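The following blocks contain the structures, represented as C-alpha cells.
Presented sequentially are two complexes of subunit A, the first with subunit B as partner and the second with subunit C.
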Partner chain A sequence: MTFKKIDPFFQILTFVLIISLTFFVSLTESFVLALFGVAYLFIQGAFKPGLKYLCVTLLTSLLLILILRTTNTYIGLLGWLITILFKLLPTMIFGVSLGLIPINELRSVMASFKIPNQLQMALIVGLRYFAILSDELHEIRQARLTHGLSFRNPIYFRRPLLIMDYYLVPTLMRTTKLIDDLSVAAYTEG
Partner chain B sequence: MKKVKKFTSKDYVAVVLYSVLAYIVMAAMGVAFSFLLPIAWPLISGICLLPVSLIYLLMAYRVGKRGALFGFSLVLGLIYALMGIVIILPYSVVLGIIGELILGGNPKNYRNFSRQALAYGVYAAGLGFGDMFTLYLLGQQFFEKMKYTDSLIDKLQSFATNPFWVGGNLLFTFVLGVFGCWISEKILNKHFRKAGYLDDF
Partner chain C sequence: MLKLEHVEYLVNKKNILSDINLEIKDGEKVAFIGPSGSGKSSLLQLINGVATFFNEDRINGTLSLKNKRLSEWSANELTKIIGNVFQDPRNQFFAKNVADELTLRLGNFLNDTKEIQRQSEKITADFKLEGLLKQSPAKLSSGQKQSVAFAVATSTNPELLVMDEPSANLDLPEILHIRDLLLNLPRKTSLIIAEHRLFYLLPVIDRFIYLKDGQIKAEFTPHQLKSLTAEQRSKMGLRSLEIDSFSEIAAHIRQTEQKDNKLLTAMNVSFGYNRRQNKLLREIGLAVTPGESIGLIGKNGVGKSTFAKLLAGLITPTHGKIFLENKRASRWRLQKEVWYVMQETTYQLFADSVWRELFLNLEQTPVLTAEAEQLLRDLKIGHLKERHPATLSGGEKQRLVLATALLHHPKILILDEPSSGLDQESLQCIIRVIRKHREQFSTTFLTISHDPQFLYQVCERVLVFKKNAQPLTYNVQGERYSAFF
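Right after this comes the complex of A and B.
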C-alpha cells in the first residue's frame, strides 16, 4: 500500500509538539488531539490504522462517559485505565504516523536535529516497537496454542509462575533477536 | 578484545526496547490485578514488578555497563510522564541514580547477580512507592483528574496514611523484586544461556 508523503521534518516536529501538549492537556483536549491524529492518518492514506484508532478513540470515550456515571467502586476502577489510555492515544496515533516514514529518511531528519547517531536507531525502534510487538505476540500466541497452552489451561492456576516461562520468555527471545538484528543494521548502515 | 565501556547503538536500542516491554508487562499486570486496588493497593506494585525482574536482569546482563538501570528508569519515567503523571519523571531519575550508586561503578558488579538483585529490589521498592508519593505530593485532586471514584480515593488515602501499609508496600515490593530476580536468574540460565543469548556477556 502506498501512502501520501508528508515531509518527514514536519512529521517529527508535529510529533514533538503533540508529545509536549500531552503533558498539559485535559481529557477533552486529549480526545481532540486523538481525532486530529486520526485525521492525520487518513490524510496520509493510512485508512486501516486510521479506522482502527478512530474506533478505539470513540469506544474509550463512550466507556469513560459510562464509567463516570457509575457509583460502583469496582466498575469505577476502570476509570483510571481508560484515562491513561486516553492520555497515551495521541502519542500512539502520531507514533503510527511516524512509522509510515522510511527509516533512512527518519534518520536523516534526526541527524539534521543533531541527535547523536547511537540514539537515532533506539528512538526509531522504540516508536515502532508497539506495532512490531503486536505482530510478535500474535505469532507467539499461535505457537502456544499449537502446544495446547491457551490461557484457560488450568496449569497456570496451579503454577502461576509458568506464565513467565510461556509468555514472557518467548517475547523476550524475540525482542533480543530484534535488538541483535537492529544493531547489525545500525553498524552496517543497512 | 578491548571491552567498550561507553554505550553503543546496540545498548541504546536494548535499553529502550526492554524498558518499553517492561512498561507493557507492568501495565498488563496492573490491569489484571486492579481488582485489588480497594483491598490491598500497596501490594499491587510488588506483584506487577515481579515479572519485570526477568526483563530487567536480561537487559542488565546484556548491556553490562554503567547507566543501564538509569536508562531503564528514565524511559519508564518518560512513559509515565506521557500518561499525565509528570512528577514520576524526576522521581524516576532519582531512583535511577540511587540504583546506579548501589551498583557502585565497578564493571564486575553489572553482571553480578547479588548486586543486580539488590539494586533492582531497591529500585522496585522506590517505583512501587511512586503511587503513594504522587498522592502525598499532588493530593486528592490528581486522582480525581484520573477519574478515580470518591470512595476509592478515600480508601487509597487511608492506605497512604497508615504506616503499616506504607512500610508493607516498601518491604513487600523489595522482597518480591529480589525474589523475582532469583527466579529470573534460574529462567535466564535455563533458556537464555542455553540458547546462547548470554554467551558473549
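Right after this comes the complex of A and C.
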C-alpha cells in the first residue's frame, strides 16, 4: 500500500494556521479540526497515532458533552481542564503530523521561508522533545513495574500518596533532564 | 589546538575542577582517565564549549582553542571544528531515522545534495550502518546508538573529536571496531576521550591524563601506563589494561550445585516488537537453578535486554511460557519475584532521599533497617543517606538501585549493564555485594554485560545470544572471554 506524502511546505502552513485558529474557534470547530488532523495522519499512513488521537478526540468530546450537562462545581472545574486540552488537540495532532516529515525536508522548507538557523534548530528540538518524552514515559512505566507497582498492587490503595512518588517525581525529573540534554545537543549542533 | 591555563569550574559553589593546566597539540590523541567523579566529563564539557556557553560565570582561568578564547567562538563555529559523542547518546539525535540523522549533520556543512549523499554512503559503509539506516535512533540498542553518534560526529571530519565514554555500552567486537576507527582517524584530527575501559585505547592514545578530585594528578605515555602494577592501577581507581586477564580471579567463584529443582524456566519464548518485522527472539529456552549466577552476553541489539524484560514480567512473550518454581508464572507474579535493574538507573529512582528510596515500597522493620545500613556501607554509599538520589554520580545511583533491589530479597535479580561507567573501586564494591548475597540468601543473578572483568568475577556460566538462534551456554572457568565471540 502506498501512502500520500503531503508537501512539507503545505504542512507547515497548515500548522501555523491551526495554531492561530486554536484561540478563536468554538468547541465544535475544534472537533472538526481535530478530525481533519486525524485524517491527515491516516492519509500519510500513520495509523497508530491516527487511531490514538481519534480515540482521544472522541473520548474528550463525550466527556465534554457529559460535563456540560452537570451543575456540580468540581466536575465543572474538570470540564475547564478538558476544554483546554480539547482546544489544544488539533495543534497536537498537526504537530505529530509535522513530526512525520524527515528533518532535512523540514529544514529546507524552513530555510526557504528564510527562518534563521538558530530558530530552525529550536523548532527541531521542540518537535524532538515530544517524541522523546513519550519514550521516557514508557521507560518510567517500566521502572514502576520493576517495583511491582501496577494497579493490581493493593499498596496503591493503602498508600495513595505513592502514586505521587511513582508518577510525578520521575516524570518531573526526567523532563527537566531531557530539556538540559536536548539544549546541550542542540548547542553542539550549532 | 587547545590550551587551558589555571582553569577552575564551579558547580553548586563547589570546585568541580581546579587549577587545570593543559595543552593539546594539533593531531594529538589524549585520554582523560581516573575514578568516577574525578571531573573527566566536566573537563570535556569545558573543552567542547558546553560549560562555557551555559555557565560562563562559573569558569575561571583561560581556555583557548586555536589561539582564540573559547568564549569568543559562536556555537555554529565550534560545531564545524568539534565533533561530540556523549556518554548517553539517546538525546543527541534529532531525526526520525539514522539516514536522516547523518544527512542532517552533513547538511549543516555541505550544500551540494550529491556530495551529502556520497559522504553519507561513505560513513554508512565505514561504520557498518547499512542495516540501521531506516531505523529510528530511539529504537536502537545502546551500543548501536553509540556507533551512530560516533558516525555522525566524525561525518564532517572535525578537527577535534570529543568523546565521553564511548565504549560504556558496547560489546567487545564493537569496542574493537571503534578502536580501529579511532586508529584510522586522520593524523591532523585531535582526539580527547574520557574512559574507564583502557584496554582498547592503548594503541590509540599518545597521552593519558590522570584526574582525581578535579585536578590533574599525573600524565602517562601508554608505555608508562602499562608499566604500572595491577595494584598501583587498582589503587588509582583504574581498570585493567587487558581483555583476558581475569581467569585467575574467577577461580574462586562458587559453583552452584546442580539441582533438579528449577527456579525459573523459559520454554520456547518468542518476542517481536513489531508484527511487521521479524521476531527479535525465537523460541528461546533457559533453565535457572536457585543461587545460580548467569551472564547474558552477545552483540548489541540481539535481544538480551528484551529477554530480561520478558523474564521480569515487564513485557509479554508473543509465544512460549515462563515457569517460576515449576508453576506457570503470570506477568504479575514475575514482577513480584524477579527484580530488574535497568541499564539507565535514573528511571528507577523515585524518592527524595537515599534512605527513603530504600524503603519506599517496603516496611521499615528493625531487621531490614540493620540490613539496609549494612548494604549502604558495603556499597560505600552509607555517607549519602540523606542526599537526594538525583544529585548522586552515575556510579552511586547504580549502587543505590542495586541496594534497593537487594533489600527487597527478590528470588531473581537481573542486572542490565551494571558495570558500565564504573571505576575500579565501584566495580569491586558491586562484585563483593553480589557474591555476599549469593552466599547468604542464595539469590539468583542474571547479568547482562559486555564487561569481561565483571563477568569473570560474578558469573559461573554465560549464555551467548545470537540473532535468530538459540543462545549457547559456556562455563566461564577456563574460557577466554574473547572466545565467546
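Everything that follows uses one rule, which is that the second predicted complex is superposed on the first by the 138 of 190 C-alpha atoms of A that agree within 3 Å, B and C clash if a C-alpha of one lies under 4 Å from a C-alpha of the other, contacts with A are read in each partner's own complex, and residues count from 1 in each chain.
Everything below uses one rule, namely that a residue touches a chain if its C-beta (ideal position, glycine included) is under 8 Å from a C-beta of that chain, and two chains touch if they have at least 3 such contacts.
None of these values were measured; they are calculated from a predicted model.
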| item | value |
| --- | --- |
| First (subunit B), second (subunit C), both or neither touched by A:Thr83 | first |
| Which superposed partner A:Leu182 touches (first subunit B, second subunit C, both, neither) | both |
| Touching partner for A:Gly45 - first (subunit B), second (subunit C), both, neither | neither |
| Touched partner set for A:Arg107, first subunit B, second subunit C, both or neither | second |
| Subunit B versus subunit C as contact partner of A:Met173, first or second or both or neither | both |
| Which superposed partner A:Ser150 touches (first subunit B, second subunit C, both, neither) | second |
| Subunit B and subunit C footprints on subunit A, overlapping residues | 117, 125, 165, 169, 173, 178, 182-183, 187 |
| In the complex, subunit B residues that touch subunit A | 7-18, 20-21, 24-25, 31, 34-35, 37-38, 51, 54-55, 58, 62, 75, 81-84, 86, 143, 145-149, 151-152, 155, 183-184, 187, 191-192, 195, 197 |
| Interface residues, subunit A side, partner subunit B - complex | 19, 22-23, 27, 64, 67-68, 70-71, 73-74, 76-84, 87-88, 91, 117-119, 121-123, 125-126, 129-130, 133, 161, 163-165, 168-169, 171-173, 175-176, 178-180, 182-183, 186-187 |
| Complex contacts: residues of subunit A adjacent to subunit C | 99-100, 102-104, 107, 117, 124-125, 128, 131-132, 135, 139-140, 142-143, 145-150, 152, 155, 162, 165-166, 169-170, 173-174, 177-178, 181-185, 187-190 |
| Residues on subunit C engaged by subunit A in the complex (per definition of touch) | 48-50, 53-54, 75-76, 78-80, 82, 84, 86, 88, 90-97, 100-101, 103-105, 107-108, 138, 309, 312-314, 332, 335-336, 339-342, 344, 346-352, 360-361, 390 |
